[in-house]
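In the two assemblies presented below, subunit A is common to both, partnered first by subunit B and then by subunit C.
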Partner chain A sequence: MRTLKMRIWIATFSIAALFAPALAHTCAAQAAPRMPGELAWTIGYDPKTFDPAKVDDQESELVRYLTAGVLLRFDRFTQKIEPQLAESWNLSPDGKTLTFKLYSGLQFSDGSSLTSKDVAWSIRRVLLPATGAPVAEEFLSPSGVTIDTPDLRTVIVHLPQRVIGIGKIFDEIAIEPASRPSEGRVTSGPFIVAEYRRSQYVRLRPNPHYAKHDASGHPLPYAAGVRLDILENHEQEIRLFEHGEYDLIDSLPPDYFELLKKKTPSSVRDLGPSLNTEQMWFNQAPQAPLPAWEKAWFQSRSFRVAVSQAIHRADLARIAYLGHATPAYSFVSPANAAWYDSKIVAPRADVAAAKAGLANAGFRFHDGVLQDSAGHPVRFSILTNAGNDARLKMATLIQQDLAALGIQVTVVPLDFPALIERLMHTQDYEACLLGLENVDPDPNAMMNIWLSNSPNHQWDPSEKTPATSWEAEIDRAMNRQASSSNDAERKQAVDRVQQIVADEQPFIYLVYPNVLVAFSPQLKGIQPAVLEPELVWNAESLRLEGTR
Partner chain B sequence: MRPAVAAVKWLARTLAIVFLVLAGSTILVRCAPGYLSDAREMDSRYADAARAELSAEAARSGSMLHMLSSEVSGWTHGNAGISRQYGIPVFELIRPRLAVTGGLLLRSLGLAWVLALSAALLSSAGRNPSMLWQIPATVLLAIPTAAMATLCLLGDRGGPVFVMALLLAARDFKFLHRALRKAWLDPHLLQARAQGMRMYRLLVAHVLPATSPQISALASLSIVTALSALVPVEVIFNIPGLGQLAWNAAMNRDLPVLLAVTMMMAVAVTLAGMASDHPPGWRSA
Partner chain C sequence: MRVKLFAAYALAALVLMAAAVLTAPHASYSRQDREAPFAAASRKHPAGTDALGRDRLARVAAALLLSLTGAAVASAATTAAAAGIGALAAFGKAHVGWTAMLICDVFLALPWLFLLMMVRSALPLTTSPASSAAITFLVLAALGWPACAQAVYRGARNLRNSEWMFHARAGGLRSAQMMRSVIPNLIPLLLPQFLVSIPAFVIAEANLGALGLGIGEPLPSWGGMLLELDNSATLFDTRWVYFPVALLITVLLLLEAAAGEA
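Let's turn to the complex of A and B:
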């Protein structure tokens, strides 16, 4: 028996030794080895398309940003429009004619010439309904746009009507070789798509014919390439960043930011409030399948204001975001210097005032429970998307805050498809807590949220006519800012909308999450910006120095 | 004649399972909340015309008949349909992932069985059951796969093979230990041991043949357990295999992909079941 046991022990240890690599294997393994001088970071999912005209998701947008040559670039740091392929551009006084003059000697990455014909073809392709480009809608009447090319360097775009922020739209139109769309393989931007392995990585290599040079005449980009690993798991991303496998992390969740800060404080940076907002709202749609008394609560301004007053936004920022968020009272973030209005008067945390407001509106407290005038106890559920820890924490904190008013709240996390169905199709919900990602500082980009007839007018979508006088006033103010060429008049209109929203609280703004990033000390040329893509907006100027 | 009848029976059973999987998955996914919703609906950049097109597309693809017919058409064209999420043939998505998942399964099963069998032989051959083996196996059984994978990730030690192997070894060990223990304690084996028969001979000629049906059944159960652990392990370790694909498909209500992966799993489980029904013969003394 002893002999057998000994043999089994020996066999076990021998075999265990054979499999030791499985145990010793670290979780920090990249999808592919990294090339010298190559920058690497992660994206959350596979880009849906490499066709720059069809981009409608964040990851495809990043690939387009890194690969596309555009006429004008919206500088994420200065927040100003800068010419890129265009040497100069001008807009006619009536705002209907744009004239671009291209640099001479422009080339695509395959060495072929880039002329006004390519520009015209690329713009026309984006405008075609068959292409289905989301950017086409920004021209307001895409079918009425015409393009002339009087010579090989001049492009004239005729618009049927003035379009606010027209320059920024050209930041999203990639110039491709005429009649040769290549899905990013032939570009006029800093990089080209070299390799794509689904669910693993996208590899970009430098465009050898990229037009831009640095101040000393050195051709750009500096980096030998970019590898975007497709990785959803933040724990693994952090590990690989710590191991030096990744050079940067955009949009860090607060808890991971704190984790990295403890280990490598010099690698993390809190850039302050982003343009994004987190907000909750009540379902005010008359057709919602809710009891009439609940609709009456949600349509009551006093009720919404009282809820807003009961929420301690500073606690939301401190606990849910570990201090990396800023209390919000408006849809324009303080990071948006041009449009932020510091004079907004909005309901602040004041439980006593909230109780008084509710009492004045006919609500009463009975055994610690808030009841409406008909005796219905006030309780509702807040939907939010599962998987977002900060949102879930905020919803739980709001649940506690509203308990002080005698309101019973249930938090319901749903996955996104189920949530969208409730919000956009069945409207079977009472309140919702979500965020809005603002990629454009100009409030004109939010037209579809504020106009009462829009499907994205979340608290009461697609109103045939404005349901209330204040919604009608918002419509008028938003249309005024969209049709005016006078910046001061536009600002005045947007300020008015901000004040109406603060008074009526259709959206109860909670916080502006801060922009949290991490980058390697070896990464040079980095200039973090609050606008996406925060760390790589100047990717052509980024380079690695020293050893990892 | 008998093998032919058995083959027909097996084929009929497999086809019935595949049909049930097809119908059940289609109904479940179609009835899942959010099947008809599209994340682009929340994108305020889309104009009304684009939204109308999205709604029309959703309505077209929402009918059960349309879903089933497009699935059948996809399979008859040999590509298993077009992925809703990626817009490419499902087999193009599955093909590169098969090798990844297959490799992970083989390595995990191999390591698990070596560990489980060695531990079971050691613990069962002694006079009293050894707590040295029982306690870790019980503890490992109590830890959910996802938790074990996350612990490995946080500790930066051990990878997907390690997690899968531990999970499988802990389950297999319990069964193996019981089966082997019972075999060792059979009266004729006790007598043979008392007469001084060599242990190796006893093991090969008596113990293993006596337990081969249980071992075979356990092997098929092991495959089923490994398949069920694939999703959390591949998702947490970010392995581009079938488990990760199935998870993404479920999250995005991608019916063609879900169906293809589910059917492959069903066929794998049926094959494993068939193997356990007909264990390989073992020469008995």
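Let's turn to the complex of A and C:
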């Protein structure tokens, strides 16, 4: 019976494969040797480019953040714009002219002097279509931007039209030596790229001519260098962190956070809600291939509000995230200092109110099953992406929450390409549960989600004209915040959008996942921030103390 | 022989125990006890609860019955198809046999995991968990027959070339008449094929479940349970929970294999 033996062998092998992750844990690789005083942590993949103008992925962005000198820095901790290479800056009242005054005596890392010519060249390079810089489109019409340099320390940027949040755009423009782009080898920031080994590590060394000093006049950065190991595996990362090979871990999943907390409680920190949201929504698109009565449910405000009221968000946070998430009722997280509005009134967990609301809207309960006025039993599916443990758990919890209303929910995890195909192309789905990562706290960055004619207006993409009066009002309010230079007026407009979204529930917000980090007690100067890069936004002030 | 008997009894005992667990009052594999996620063993939950506070014992028992039943049905379908095709290929014209085996080879070369994923994502979204489980096993059966058919083909061809067949043909027996005596002679080959396919399907479903694409929530599946092994954080916290499941699968497969040893 050779086949039989072979099959038993195959069966055993398959079981071994199921245990493979556990086995891998015991034979984790070693990190590259560390130089004295060097900081080390991991990035998930190879940076796609070291050219600061072409950055389009998270890891390249981190390298740019650590190496590039910029005119203005968006302080990740205070969430305010601070001048960096610029001594001062101002924006004309019409919002079309920016004037930067550089510090005197600025130098690049190779010792050559940094003047307004280098600044003008760097900005022009970013604006050129040939460069393909993703930042360029934030200027709205990059081809119309002109730059003057009346003297070696003054740069004047003329914009063809007002751009909201223009200051923050300069946080992403690295100032490089004119006509000598170096892919991070010659910079005006705290570090320079020293060595890169594909799939192994990126090594940065301090810029000897960095302009900033600490309060006592000691030159920054403190660290003798930074090594970014390219490592995708959380298991290995945590193991090496425990062995002191790595100094910090940003964005820990909740279960690993708990594991690490058990071993070294002093090293982990829950920073509270992130800017990111997890939400579910119903497909309201009139062209969706769904039965007419289902579309009628999903387009009914009462139905959406009842579903929102039936969901126990505290349970989602406590069970799916092990307590490391915060119930969410709006798209602006409490972590967003400038834009959060505590006065938003949103539906809270209240099953009795949900039942009453459904009854008022013509739904009725029949043998424990919710039916619409025509007698169709209410049942629908919730899509989510396969492999995301927290989302699958939330969907399964919501399944039971909605069973209390007599609604039968099917949870369908799909692989990501199949999911996107349904969301973006065929629109063949009923409800979906996904998250949104917000890197930029300014709600202007969410224009493409809220404007009704946008293809990313998920519940009903690319509307020719707003389908409802409240969507028209969202459009008006979002356009108002985008065209106003008055911060109070912008805030008012965004608050209004938040209240409409809370009333109408096109997105049913579920939780803000918390920012979970870990760092070595020997790492001094650390000031964890909720915005990326959470732990190393002040990398130049970080240093290691004691022997490891 | 004694091993085989023991294995058959042990298997039957496992199935009976699982049925007993599920028919007990208040047993539910889907009810979430939200106050007690990841609870340890207690009188209420003899094997503790999972991440969503569902009773583990009930879930393991339901998964056992579900995956055994599904795999047995799939295996029966596979064996029947393989018997038909294998016998047809062996006793038909030469080009029929050649074509049938070519199709088998093509099927064996298919990336079945991707096919399964495609089928899963093409299913209507409102397919209930029970029907999606049935469809999963049927698709497994549809993809699993060629290996079996090849084995049957080889057996049936030996039969066809055997001396008594030669005599029967020489004596003027027609194909249809011969078939009548061929089928009983193939049974010693088909029975083990049927039995060894069952564990293969159990594993295939577990693999699919471990990718998160198996049987849908809230129906339990062993693959789905083992999915959590992917994460050492939970693994080390709750190894007393997952190792028994893995062990149970291993034992089940060995028992089935031993029971199938002819």
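A few comments on the model shown:
As a convention for this text, the second predicted complex is superposed on the first by the 516 of 548 C-alpha atoms of A that agree within 3 Å, B and C clash if a C-alpha of one lies under 4 Å from a C-alpha of the other, contacts with A are read in each partner's own complex, and residues count from 1 in each chain.
One rule holds for everything that comes next: contacts are C-beta pairs under 8 Å (C-beta built on N, C-alpha and C of every residue); 3 or more make two chains touch, one makes a residue touch a chain.
Here the structure is a predicted model, which is why all the values come from computation and not from measurement.
In the superposition on chain A, A:Y429 makes contact with subunit C only, not with subunit B.
Once the two complexes are overlaid on the shared chain, A:I319 sits against subunit C while remaining clear of subunit B.
In the superposition on chain A, A:Q371 makes contact with neither subunit B nor subunit C.
By the touch criterion stated above, A:T468 is placed in contact with neither subunit B nor subunit C. Contacts of A:E232 after superposition on the shared chain: subunit B is touched, whereas subunit C is not.
Once chain A of one complex is fitted onto chain A of the other, the partner contacts of A:D415 extend to both subunit B and subunit C. Once the two complexes are overlaid on the shared chain, A:P134 sits against subunit B while remaining clear of subunit C. In the superposition on chain A, contact is made by A:L383 with subunit C only, not with subunit B. When both complexes are overlaid on chain A, the residue A:Q107 reaches neither subunit B nor subunit C.
For the contact definition in use here, the residues of subunit A common to its subunit B contact set and its subunit C contact set are 1, 3-4, 7-8, 11-12, 15, 19, 22, 25, 235, 414-415, 418. Remark: subunit C residues 30-32, 34, 37, 51-53, 117, 120-121, 125-129, 151, 192, 196, 199-200, 203, 206-207, 210-213, 216-218, 226, 229-237, 246, 249-250, 253-254, 257, 260-262 touch subunit A in the complex. The touching residues of subunit A, when paired with subunit C in their complex, are 1, 3-4, 7-8, 10-12, 14-15, 17-19, 21-22, 25, 235, 253, 255-256, 258-259, 312, 315, 318-319, 379-381, 383, 386-387, 389, 392-393, 395-397, 399-400, 410-415, 418, 428-430. The residues of subunit A lying in touch with subunit B in their complex are 1, 3-5, 7-9, 11-12, 15-16, 19, 22-29, 31, 45-46, 48, 56, 132, 134-135, 137-138, 197-200, 231-233, 235-236, 239, 414-425, 445-449, 454-456. Residue ranges of subunit B in contact with subunit A, taken from their complex: 32-48, 50-51, 53, 86-87, 93, 96-97, 107, 111, 114-115, 118-119, 121-122, 125-126, 150, 152-154, 156-159, 161-162, 165, 193, 199-200, 203, 235-238, 240, 244-245, 248, 251-253.
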